[in-house]
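Here come two complexes built around subunit A, the first alongside subunit B, the second alongside subunit C.
On to the complex of A and B.
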């Protein structure tokens, strides 16, 4: 299952230099810190750190970003447990039992459960990835332009669908992103949509645009939120009780392993990270003998949510590495690190650079150990971090984003792009358009156009050409289903007279 | 507007946003078409432009709602959060300050612009403690300038050099 030559070369990569290890701890701490402040997100943390990526070699950059991701996945549990504020969709289920535990004075145990489940979930998912890289790479390399095209569009529609209520708005956001991603010189040398600005010939400056859409726009939303931190955060933390939480976690191996498997499986899908924790939680309460104890401070709820949340990282890394397609905000930003190092993610990368992929996985296994130690210490400082005032953080994050954009582009096109996209992102969020769909579209614009063009050339414009490509047909069916199901569901809802449906 | 027993509401801000997005997409299609009408140039853009046009009309229809005036009004789904005066000031003020910051960087130098921007933003967002208002911008500007300019050797346009 494991390509031993590549595996040995990965060990050599990690063992021959201290540089890849140097970024691990700062990455984890940034991730932990960012998510411990309610309102800040993983994609925001990674986006703001993008300007320093070109100063690292590619492996260090990947390790730095995955460490942030790893840290954030546990960090998100801290405000969820202490304040009942899920920092992102991936921690919603953690609040269900985490906060009732905190209300009952068992907050340090709850954080212990969360830490152990989070570390365990990530360990399992990366072990799975380690054994599956070889077969995944072999399947992925067989995908040609038509398959990649359909996968890209399918991924985009899944992300567009995340905010279920407004599928049309999601589609528009995705299409808008794809079009933005093709601005500049075309494959044939035609100049499109530059409005006469030479800086746009290479396309919209992608990093400032993404920092604007993800990080800066969210800051404008946060100005109105003053999280009320009363006695909840002031609670004393006792090390002994955290340890008890950590140890007791392993009394529920079934919940832990099921959570890790659900997280890995669902994490592979675009948008999956947001769903994994809910699915695992409901699965745990459904199969429990005493489901009524869930929601009242049952540790199994915290464990189920956290192990699935953490293990979704492995799933989404598999999709990113094998297909070059991001499954959400955090992996979308990571894809830019590929770009910055002139590396195209996707099947060819996975096939040719298995040693790098193994090195990232091995480093993630090490990150889990570091997380267990750092996370433990971090719980003690966390209760003071949740009290940091957002009004102090907002100007600093925005200024850092603007300076970072300047440093990257070495001209003012960077900060101007940041500003334009931050306002646009705020407006889109306000009217319920999924910003993530625009970002993923922006990233996949060129890939999609290239794949579509090659498909067109291969087929000579004949759609029957797809009949000879069973994988493409299978993907097409999935694409069709993800389009048709929400439309069908919407229709059923509108046809049904209101009042007869108990859900209304 | 009330017609018979029904109320017609029109969500103008949303209609403007969706029209702006769709308008850009359609302009982009025309611009690309003017550059080259070859299929290789429009293979993705043209189908997307058609999709955007359809979505635009569909979403625009959603912005006009016809509802019975009486009790059904109360059962309306929760609308987006309204911006009250002070919040609107903070949100749009933050945007304006970021715009000014970006625009003034080249004229007054990134260090001075950063200092003024952070100070003004803190004040706008409600910080009134003098020590914080002075210490945070000074320390932050110093750290950022040293980190980018010296450590990462990224030349920044600075006033003090």
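On to the complex of A and C.
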């Protein structure tokens, strides 16, 4: 599958000049930093770095941008684990088990798991890209609204897993999130639930809403505690524990590989990178022998979320590099580099510049190795936050979040959203409604609605339309199996109880 | 209001002397000429994303226009709701000429007004020049059997309500699709309209053959060119980029025609109040902008970036936008449901 001549010429491209390598480490650090600080985002980093892009040669520009994303993909995990603040939709599932681990004093391990899973996920997806970029892209382009709809519904089933203590309250919270997701201008031009505010035409600002629901409400809960980690002895940063997390990650190869495959597969769908982490988490907990341990600090939750999140970028890169079609995230931004260097994307690009494509993918593999080293140091610094008293952290995080949400929207829509959703999140937690279910609904609501509407429009309302879509049927079968298998296994276990009690 | 009670009066005198000194310094910094405008940097608002085509055009202007204007220009991107959020913000700024806007004035301002309930009117703006206009293009995925626009039209007529068309809601392509169906006497039920969230996702769908045809912007077609077959251009003449006849030439045998709307006209816009209250300054702005367009370096830059730098002037620009507005108004009710 690899074009050897182009591969050699890619090696030559990367080996003959030190210039492309020069931007790799700064790119990684910018990505790590901008996503590790709550309130800063990659789009801000890009906006700041945009003016220097034209001064780099094309390969350097691509490497610079991809390394920013490589760093960012792991960077988002840091505040998600330490503070319950997901910097973007793609880190939501990391908080589910990451933050409980941190609270239990296992912050070093949790970040070690995240780093290893993130690096592994990225490594797998780029290896897949290197060998199969063309076929992946060709399949990806055939995926349309019906396939997207099934994946989105699959993602929504996660709501049932996040139920907390009361099943019905979980469903209600999820439905509330779905409704919130419909606020704004619909795809058919209907203005819904904006209460006359123009700023809501694009929907509820997602990142401030998530931070409000998750982080701010959690901060209010922690207000009476002194430290994130209650156990004073565990309030340290220990390199050994980070290493243990990294090593132990590979004790769960099934979770890791499934995450990487889900991430790559879902990443090729437009907007897929936001769902990949949730879908993988959902699948990991569904197929586990002891699903009830998820959400209470199970490392497998962190691994599943991180490996899928990391590999989703590779999936979307396939369609960009092979077909010139971005599906969101880094790839939309990479098109700017194409534009600035007067290079037209599209299938012709892959055809004419195969060496360049290989060079970018190879440099991504190198970035992953660099990330593993840099990320280790970064964890060391970032983890020190557990030594800081909560009465310092809480106001700091909340004000950073407020400033960041202002910077994101450039008006008061951001901070007001943050405030409204903080109060809402606190109230929900107070009355045992799972906020995570609302977040999943909010994130997937718009996507699901769009896919459902387009499927309906394309088919003219005829259900037989699905018969002409083999991939959609395949997805439907997978969805069915992922539900049926655990049920079947449970039944078998109740009939013939065996000593397969999981090691606690 | 008891300043002397708060701090010693001597201190206050000292402060006044300092301020006076500062003012003298400031006055010395001002240009010697008695020019009224601009005395400080000008902000150029782009109500769309950084890196998009309008943004890149605006950033080109920041490179070349300061020479003619005598003041630096900065670009501010305020994204959201098809330009409506940024445009609303633009009209909330003082109309002293220090905040100008570059935007695809048509179709976005008319669509904001007619469809999404923007609280502004065409009269709130002074349209200076539609510098770079795009056209629309009828395309079909390559895996479809339609070799010409006529093939497609025959297929639509033979199977009413069966073929699907990809649209980006409220775009000129959307309106042109409705106008075409209207002219064919089929109405919107004649095809399956599939609404995508943005031109980008629609182009991916087109490349993947998810829909049967689409009327979309000419330039954007570049990225998916290998997957599509151009069938007709919405212009009164052929263009070198795409091998396709003008749409009304195709429709002639049917005895019908459709209105030819601008795909997207990137326009320099000032608030209406600026021209009314400061006519002299307005003239300064127009002259400076024209000098910028006449600058061969700027034209070379535009060419290198695949942009246009045409001068059609305020009258023709405004007339064009008003024409577009009237056509859009005619199809407004179709858009709304």
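Throughout what follows, the second predicted complex is superposed on the first by the 279 of 504 C-alpha atoms of A that agree within 3 Å, B and C clash if a C-alpha of one lies under 4 Å from a C-alpha of the other, contacts with A are read in each partner's own complex, and residues count from 1 in each chain.
Everything below uses one rule, namely that contacts are C-beta pairs under 8 Å (C-beta built on N, C-alpha and C of every residue); 3 or more make two chains touch, one makes a residue touch a chain.
Only a predicted model underlies this, so the values are computations on that prediction, with no experimental measurement involved.
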Pick one for A:187: touches subunit B only (first), subunit C only (second), both, or neither. both
Touching A:453 in the superposition: subunit B (first), subunit C (second), both, neither? both
Output check: A:175 vs subunit B and subunit C. Expected answer is one of first, second, both, neither. What do you get? first
For A:348, decide between first (touching subunit B), second (touching subunit C), both and neither. second
Should A:5 be classified as contacting the first partner (subunit B), the second (subunit C), both, or neither? neither
Looking only at contacts as defined up top, I'd like to know whether subunit B or subunit C touches more of subunit A. B
Just subunit B (first), just subunit C (second), both, or neither: which does A:485 touch? neither
Could you look at A:325 and tell me whether it touches subunit B, subunit C, both or neither (first, second, both, neither)? second
Answer with first, second, both or neither: which of subunit B and subunit C does A:139 touch in the superposed model? neither
Based on the superposed arrangement, let me know which partner A:477 touches: subunit B (first), subunit C (second), both, or neither? neither
Shared subunit A footprint, subunit B vs subunit C, residue numbers 187-188, 191, 410, 453
Going by the contact rule at the top, pick out the subunit B residues touching subunit A in the complex. 13-14, 17-18, 21-22, 24-25, 28-29, 31-32, 35-36, 38-41, 43-45, 48-49, 51-52, 55-56, 58-59, 62, 80, 83, 87, 90-91, 94-95, 98-99, 101-102, 105-106, 110, 114, 117-118, 121-122, 125-127, 132, 136, 140, 144, 148, 152, 154-156
Given the complex with subunit C, which residues does subunit A contribute to the contact? 46-47, 50, 141-145, 185, 187-189, 191, 198-199, 201-202, 270, 319, 323-327, 332-333, 335-336, 339, 342, 344-348, 410-411, 450, 453-454, 457-458, 460
Subunit B-facing residues of subunit A, complex: 52, 55, 168-169, 171-172, 175-176, 178-179, 182-183, 186-188, 190-193, 216, 219-221, 223-224, 391-392, 394-396, 398-400, 402-403, 406-407, 410, 412, 415-416, 418-419, 422-423, 426-428, 430-432, 445, 448-449, 452-453, 456
Seen from subunit C, its contact residues with subunit A in the complex are 50-51, 56, 78, 80-82, 84-85, 88-89, 115-118, 161-162, 164, 169-170, 192-197, 200-201, 203-205, 207-211, 222-227, 304-306, 335-336
